[in-house]
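Across the two complexes that follow, chain A remains constant while its partner is chain B and subsequently chain C.
And then the complex of A and B:
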């Protein structure tokens, strides 16, 4: 087939225009330069978010001192652990899944997605008091229903902690493995502490064939581990910190529902981070609208998957009408929780679905980022309506066959509000600070993107010729 | 992996229309043999309708047996079409092109077959009409629209209509091609069916847009069909082993596993029988096997969750059921066979590229998967009903009768028979897709390496 390369210089903001071709050297220089210096607005936000994060940690400590002996008061912290796991754990998957499918559009997105691995620190901090408060498997001589059929009493505590720490470490290793060539770029294109850091962390990277092969193998290996651990941790958090605390709540799809909503939130978080990076670091040349278009489609698909999983669970409870089913629905979606339930449903499915269904929206950035914020708010509400009622069941009742008394709803205190705001701020500030350490776009991935995708003239219009190496 | 071959249009036409413009020697004897089996099957169905369900092995408390298992199995197979054709079309997977027609066809014929089973399972099929239409308004007897007897036919009927339309729209360019190469009554038939196809830009645009729209519209139907079938079981809280929230996605992913495997079986047969080595290549089996590894492993995860949460409740009857399913003869034998054939044998084999590109091995492993997936459905449906329960004194062990086995075999012969009939009149590999793939693929030089590339038009 005859193909003719189109000259560079197309308008990058036009979705239909092929991406401009930029020299590899220019890419490295410009992207490394984005880490240097920060605007006054950036610094102000970093300070505010940092202060809120510290306030959240202080509130967590004070709450532990004040209410550490009453597990019914810890529902909001459990909801936050689940929420943060979803956002910080789900986002790095965006850098993995399309890579497996050899999608070229994802290359400029991978770094910002994998930076979220560091935000897992916030999840671990929130988990520490929760592990201390989670009731053991046997309370008052009776064993509650869990997935730990004959395991020791503190199995959930041990395995969840181990899983979450492993997820954090694997995420960081995944990030580091993929960042080696960029540390070398920092070594070669920056000065001062960044150059020293780049030299130290690049570990002699010069880009030989062997180094590239090893790099790809490591990314594949850590990516697979990361995915498996993420599913495992989602399974444990959703069962041990949610379902098994409610007598009679037996929902086989819940771990998958928790995981899928995590992926949805992860993509939403990546869209938000990408939007702000692109806008405030002037990266339009490298982050094309094509990336938002593809992320929009992914987000739309995950939104539909979420409602499918939600409905699959809901209809079986609704029509099952057994004592367990009725009591579980009574606890999780009735009383004051009805507002969180409806809010979660509307904000995680109906509104994003209605926004993302339009091609015009996915071809832009503004509505996409609004839709992503809405999804994250919806997720928080969904986690609250799931975990707060679950933790409100008194420990002396959690081994019963099903709920005989629906416990009162626990309303958030000032501590809980500070913990929620602090947790979210911590994720934001960690991502912001990481953009000062390493280019927010992967230099080598952007270079490879340019190398593998060539704009061509096709009949009367433009198209892209995308190479697909094995 | 992409094994691009330069094939000119004349060669493509001649090879891919060899089933319609010539008749392979094996075709007639095969169709006659299958036709005989189909006739025997229909005769047995008629005998059963005449004598009643007493000729089957169904008896209290096992009312759902081989028929419903086979119904669920064929609904599962039908998921091949949309999975392959619609999803891969939307995601612009280039390797889908020779596979789509066979997959869409399998959807239509397996749905037609699936619909037969609930009908004959009712014993007196004509009475189905009473359940669907209000016939006694005076006494307030209306059909219960929440009943599976309403929801299943609605879902399957919608899916069948959409799939047929999907198949037909994709056939249009090939029908135009056949019209221009035939004479007599065949020419008249293709003229009518091709709806005036000339291949002008507007027609191509409409055909492409129609295909994409139908792909997007069919996806929710694709998911809903097996979900609704699964809820036939899941909302029945009285039967142990059925009342699980995971059934809908579990059934859907199992159906995709089963359906895509059936496509692999069919692709291998097509390559061997019509000698389409240039069109159905090892790279296509490789891509399908990679897809199957992901789907099968996802399915295994759902199986794990289903079993885990069955035991999670720690209810004595549920645990007893699972013990029976896994440790009591003959259920344990079936369970082991199910696990080995659905996952443990094929998937580890597919991890090796040599297996993925070996068509004979792919053929046999894909058949293994469908043996396993049929057994999975049987193990979901029958043991829950068959287990001895307190205060139920009239029960017998379920053993499918020869009548049921004959009808079961009939269903396979029937689908194959329809496929072969179709192949006589319509190409099984879309010609236009094949030609388009020649235009949309290229090789580019990256440094010193020659790398396969594809053209991506602006969305």
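And then the complex of A and C:
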């Protein structure tokens, strides 16, 4: 086929090269086969990460038994909840937003992005002890400043938990909605327990016109719901588990800052997952450089947005110079977590900005994945510099007009380190295990990609002709 | 009289579309034949019947229910335990918004799940005639009838369109 020759000649060097056309039966066979026969290296990593996840959960339980009565010791767990919400919550947005915009490049990426919804389980696990420790709205007869106004004392506890569980369920429904045709592929082409699972979860999918039409609609609906709930949960976590614990920290931009940095982390996580699955599952012919190029531009834009939101928030306090402005800056930036702040600033903005600004970098995969790892490390430091000082404020000072005594730096204990490592490992192992259950790339979306995109010769060059049906 | 179906299998979309046209011309009623694909072809690509759906009504209905319930919940609890805070009115909209938003979302999501189950005809307990090659890119045209005398007509249409195989059930 002439188009295959055209594509093969350009794929290696040009991110705009037309992707090679692959027959539908080859796509189904090869992608279903990726779920079977994990390599020794894969199994070893899965065991290590699984063991670290269990160690993290045990550390969480032990910490709760040992320090469950002292909220000032729980900053790192709060930072982890925020970090995991950002990564596991932000990643599925990649499976939704570009799809709504009918971007063709995103079709092979959507599955791996939506798999991150399951990693929300780790966020819920981390939240459980935190909900038990978060002070009620009224303590010692006084009500602290929150968004809850005159609501019952345990409103943040109940509604935040409900919101996070709702986000998890909506994310799983978003995943499942798009996965139905692939469960049918598993039913038709896999063997053993995977075939039985596919048969059960395909729910009799045969690919009628009605089924395809409703599939498109439910992806749109659950995607919309997911976005609305994600923004809301980011708002609740950033206000109830951050701002409301620090007297005088009043910042209308912070919830949005938290959300946008979550999107940035989500895209970074998808880039990393895509890189490893492409490389180690030999998926180069399905995941084209165009996908990295497009994700790189998205990541670059979000990296610039990070500094915009940070600066917008910072400048209000800096110019304000009232006692509570000074105290807030002292607590969150200049004081106990200055090194985490500098680390976050450098790794979330300056270094990724300097890496991603180059077209050459975004056209490749190696530097992109390095930049993405740097962003995630930066995000962790940023969450630590925000939530650890906030939780370090003793409950008896929570009702002050502003913070008069800045707490000392709270360094992580062994428990905290295990919880952080365990939480990150849990996300990684959940994503890895899900690739054993369902193809890491959506079979039907890769087939649709090939159906709607054709490599053509255009005057003297080459281009991809993409159909965009309404 | 038992319901019968036959499935014509095609490797290319054009002959499958011709078969759909042929069935219409042969007098088969809309809704008695359908196309099965492993990939979502653009709507109308096979000239297929596009039935009306009501999926959008479910989230809207659920959201209205949740919104109404949340107004009831927040208003009644505040009126039952009136407590003036910061000189604001007992029923303060901004204090109620968070719960109203979350309950609206919750009901909307639940209603959407219910709507999908109903409108997608899932779970499909009797999937009927099918071929696993459909998820490999083949296209199936399935015809269902109560009248046995039409089986030969349908087979003729499918064969003339270029069906590579015809299965009976």
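Heads up, the rule we're going with is that the second predicted complex is superposed on the first by the 454 of 470 C-alpha atoms of A that agree within 3 Å, B and C clash if a C-alpha of one lies under 4 Å from a C-alpha of the other, contacts with A are read in each partner's own complex, and residues count from 1 in each chain.
Criterion: a contact is a pair of C-beta atoms (placed from the backbone, for glycine too) under 8 Å apart; a residue touches a chain by one contact, two chains touch by 3 or more.
Being a predicted model, the structure only gives us computed values, none of them experimental.
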Partner chain in contact with A:402 - chain B first, chain C second, else both or neither: neither
Touched partner set for A:451, first chain B, second chain C, both or neither: both
Touched partner set for A:467, first chain B, second chain C, both or neither: both
Touched partner set for A:154, first chain B, second chain C, both or neither: neither
Chain B versus chain C as contact partner of A:350, first or second or both or neither: neither
Partner chain(s) touched by A:42 [first = chain B, second = chain C, both, neither]: neither
Touching partner for A:373 - first (chain B), second (chain C), both, neither: neither
First, second, both or neither for A:312, with chain B first and chain C second: first
Which superposed partner A:280 touches (first chain B, second chain C, both, neither): neither
Set of chain A residues, in rising order, touched by both chain B and chain C: 147, 149, 451, 467, 469-470
Chain A contact footprint on chain B (complex, rising order): 1-2, 91, 146, 220, 223, 227, 231, 234-235, 237, 243-249, 301-302, 305-306, 308-314, 438-439, 441-442, 444, 446, 449, 451-459
Residue ranges of chain A in contact with chain C within the complex: 23-25, 27-29, 143, 147-152, 155, 159, 162-163, 166, 169-170, 173, 177, 180-181, 184-185, 188-189, 203-218, 221-222, 225, 228-229, 232, 236, 443-444, 447-448, 451, 467, 469-470
Complex contacts: residues of chain A adjacent to chain B: 1, 3, 15-16, 18, 101, 145-147, 149, 231, 250-256, 293, 304, 308-309, 312-313, 315-317, 319-322, 325, 359, 451-452, 454, 456, 458, 461-470
Complex contact set, residues of chain C against chain A: 34-43, 46, 48-51, 53, 55-56, 59, 77-78, 83, 85-86, 88, 92, 94-95, 98-99, 101-102, 105-106, 108-109, 112-113, 116, 119-128, 130, 132-137, 140
